[in-house]
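Listed next: structures, encoded as structure tokens.
One chain, chain A, links the two complexes that follow: it is found with chain B in the first and with chain C in the second.
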Partner chain A sequence: MTDSTTLPEIFQGRIDSEEKIEPRDWMPDAYRKTLIRQISQHAHSEIVGQLPEGNWITRAPSLRRKAILLAKVQDEAGHGLYLYSAAETLGISREQMLEQLHSGKAKYSSIFNYPTLTWADIGAIGWLVDSAAIINQIPLCRCSYGPYARAMVRICKEESFHQRQGYELLMTLCQGSEEQKAMAQDAINRWWWPSVMMFGPGDANSTHSAQSMQWKIKRNSNDELRQKFVDQAVPQAEYLGLTLPDPDLKWNEARGHYDFGEIDWDEFYQVVGGNGPCNHERISARIKAHEDGAWVREAALAYADKQRQRARKAAA
Partner chain B sequence: MPDKIGRLPLWEVFIRGKRGLDHKHAGSIHAADGEQALQYARDPYPRRNEGCSIWVVKSADIIASQFEDNDSLFDPAIDKMIYRHPTFYDVPEDLKL
Partner chain C sequence: MSGETTRQELFQYVIRLGDNALINGQRLAEWCGRGPFVEEDIAMTNIALDLVGRARMLLTYAGEVEGAGRTEDDLAYFRNEREFRNFQIMELPVGDFAFTTARQFFVDAYDYFYYRALQHSVDSTLAGIAAKTLKECEYHLRHSAEWMLRLGDGTEQSHAKISTAVAELMPFTYELFDADGIDRAMQANQIGVDLNTVEALWNEKVNNVLDEATLERPELKYTRSGGRQGLHSEHIGYLLAEMQSLQRAMPGQDW
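For the complex of A and B:
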């Protein structure tokens, strides 16, 4: 390193040679801001993502299913925690992030603004939503920002049980009565397109992509990952004997991929913009949980203070 | 304000994967005191048998080196590194030294 090397050059040099950026390193403000936005949104998605599934814990059809669903929702709380911690290394506080979520300033994944109407939805979320999440998250394990990459490694390890339990749940329904199979089909009909949209706008319209690629925050384009998801889901749906609700879905020999229909981006932007079926309900539930928990935080702090004072007195 | 989570101090969590291994940094957690930090760390981190012992330490108590000091801290090690490595020495191959 010579004296004429500037901080931005050192920074980009590290990234180009696949070295990680760590919290105390110099980094451009825009890199810091992009990461705070992305990691906090990701954390919020984990936390809000507990709500649609939590809705079914008390109504799970067996003790086995209830224990599994509880464990999955508990994992999501943990994933939120890992990600909030990673974001905090960039200089934003937990409190600021929660404030941004509650005020609507920060976004979270739109998928969680859809309702979970039947038990089969729990299967559909595990299979489709968690499959999409895994495809999005695996490249993030190699993200240039160390704390984010480490959190993602931990999360990806835990996430595969989520996907498998969902698929197994749907297998059970599909091998059951006609009504159970119809329930599974109905859930897939409702969750397929929102899952396809989880990869975000198409490459031509993705606002943050080019810069994030250069910074190696992002490694694959939205459309590339979306294609991977579709290719993987088609045979899995066939095995279940379920139909994916897209008449244009067919194998393209020349491309070596499945072609699929036009995405309804109006719906996507409506839900992102706050007009999805459950946006209001989700945020209200989060705010209520935070406010209802205030006394626990107060009590813990008061108890810790008292313990400290007692220890001081005993030492004196 | 007591209802602000920002007032709950930050703790670093270290987990011993199994007996015979070092404690390794696993992540961080907000908690009012050490006891609560242990309880909270126990919830997510060793959920799948990833550990048999937990350390927590207040993040503010960690003294960390600064990037600006890297030259004085690590450069001398790079210069003199060669004779600290076994490959620096030429000795007969077949003696299994």
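For the complex of A and C:
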């Protein structure tokens, strides 16, 4: 190292040569802040995401589906846990992250602010929402921050399992009665556009993108990933015999991609801003669970303290 | 005893075990997404998943024993209140974390000693299910017993809450050991277990844990029983209405 090489330059050099950054390594404050924001937002999404699907556990229409759904929602809580742990390596506590979620300071994926009205919604979430999540997350397995990248490898494996289960659920409905097929179509009508919106604002309006790309936290633009999602979903919808609710959706030979209609950005910003169909309910449910659990957490701490004191006394 | 009577009795015996697992799992699953912290949310959901898995094995076997072609889902979704044979303690509303903890502890201790004995059943299917279930029961019991200690010997508030839950639930534990003719017949032909032995082991475990948790074992001023005969609390109807709603609204479909 020559005297003229600064810490930020060394840092960027490591990133450029695809080295992983680890918790004890020097990193710019803005890199740390960006990661804390992104990882905690991702963790919150997993935890809030338990709610819309959890809504159908007690009513799942077969015991096999009940078991699959329970296992899936449990996996999501597990993802939340790894991600909270990954964020903690950057110097924020779980308590602080939860406080930010409950106060509205931290965001979570807007998709979970839509309600699950029928059983088919569980299939639509598995197919569309988990597909979109996987497309967003696969590049994160190569994220420059080691703990996040490693958490994502495991999460992506489980997500792809969930995605197949969701698709299989819809397939069963689509091969069933007219009523079941209509239920599936209605779910797709409601979940398609919110899923397309999961990739965030268009590239021209994406505030954090350029810096995140340079740091290799992010590797593809929002619009690239969105296109990939649409291209993948169209033939899958055809195979199910369902119609995606977009009259402008058509194959563009010249581009080698599907063209699709204009996103309703008003709706996107309304839901991000707190005015979606379930924003208030989701956060209220999280706050209630946390507050109802306060005495339980206090009891566990008090008991652990007593045990420690007893052990000390016994040792003395 | 005719062959037919034995088959009916065995069906009743197995369906009771299956219903206990199903209804307990259904209630515990209500915690999913609202546990006191993420780790505990995961643990409760995991236990609910074990219970649903156990119910599936037992109800499938009950259907085979019955020989009328009923599947696990036919039995779970198309029987009415009076046909469910679970203990009342399983169907009580989920309550707060103390209530859930005390219920799970009483039931986990019962299941642990029950399935430990049932793995020696001369019925090889039941013995196999019991052996598999026993591993889960051991973990479930450790989990709920540890929580009994934390809540009982934690803070004043947690002590008060778990004491109330224990007092509320104790009358419902009477039923666990309230053997009827089917239990006795199954014990006699070595398919079932000796409930007196299970009861003695259960009492010992419960007394030890309550004692360590600084909790009093309340005297029974009244008792509840009847689940074995399909006589339930008023809560069962609501639980079934919710659980069965979609199958009942669109019967005869694959899901």
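Some notes on this structure:
The rule we apply is simple: the second predicted complex is superposed on the first by the 315 of 316 C-alpha atoms of A that agree within 3 Å, B and C clash if a C-alpha of one lies under 4 Å from a C-alpha of the other, contacts with A are read in each partner's own complex, and residues count from 1 in each chain.
Keep this in mind: a contact is a pair of C-beta atoms (placed from the backbone, for glycine too) under 8 Å apart; a residue touches a chain by one contact, two chains touch by 3 or more.
Quantities reported herein were computed from a predicted structural model and do not represent experimental measurements.
Once the two complexes are laid over each other on the shared chain, residue contacts for A:Ile57 go to chain C alone; chain B is not touched. In the superposed pair of complexes, A:Ser93 makes contact with chain B only, with no contact to chain C. In the overlay built on the shared chain, the residue A:Arg312 is in contact with neither chain B nor chain C.
Of the two partner chains placed by superposition, chain B and chain C are both touched by A:Glu298. In the superposition on chain A, contact of A:Trp26 is made with chain B only, not with chain C. In the superposition on chain A, contact is made by A:Ala77 with both chain B and chain C.
Contact comparison for chain A: of chain B and chain C, C touches the greater number of residues. Look at A:Arg255: by the touch rule set out above, it reaches neither chain B nor chain C. Residues 74, 77-78, 81, 294, 297-298, 300, 302-304 of chain A lie in contact with chain B in one complex and with chain C in the other.
Residues 22, 26, 29-30, 32-42, 45-46, 48-49, 52-53, 55-56, 59, 72-73, 76-77, 96-97, 149-151, 153-155, 157-158, 161, 242-243, 245-247, 250, 253-255 of chain C are the ones that touch chain A when the two sit in their complex. For chain A in complex with chain B, the residues that touch the partner chain are 24-26, 74-75, 77-78, 81-82, 85, 88, 93-96, 98, 151, 154, 158, 291, 294, 297-298, 300-304, 307-308. Within the complex, the chain A residues that touch chain C are 47, 50-51, 54, 57-67, 70-71, 73-74, 77-78, 80-81, 84, 119, 172-173, 175-177, 179-180, 285, 288-289, 292-300, 302-304, 306. Against chain A, the residues of chain B that register as touching in their complex are 2-8, 10, 27-33, 36, 43-44, 47-48, 64, 66-67.
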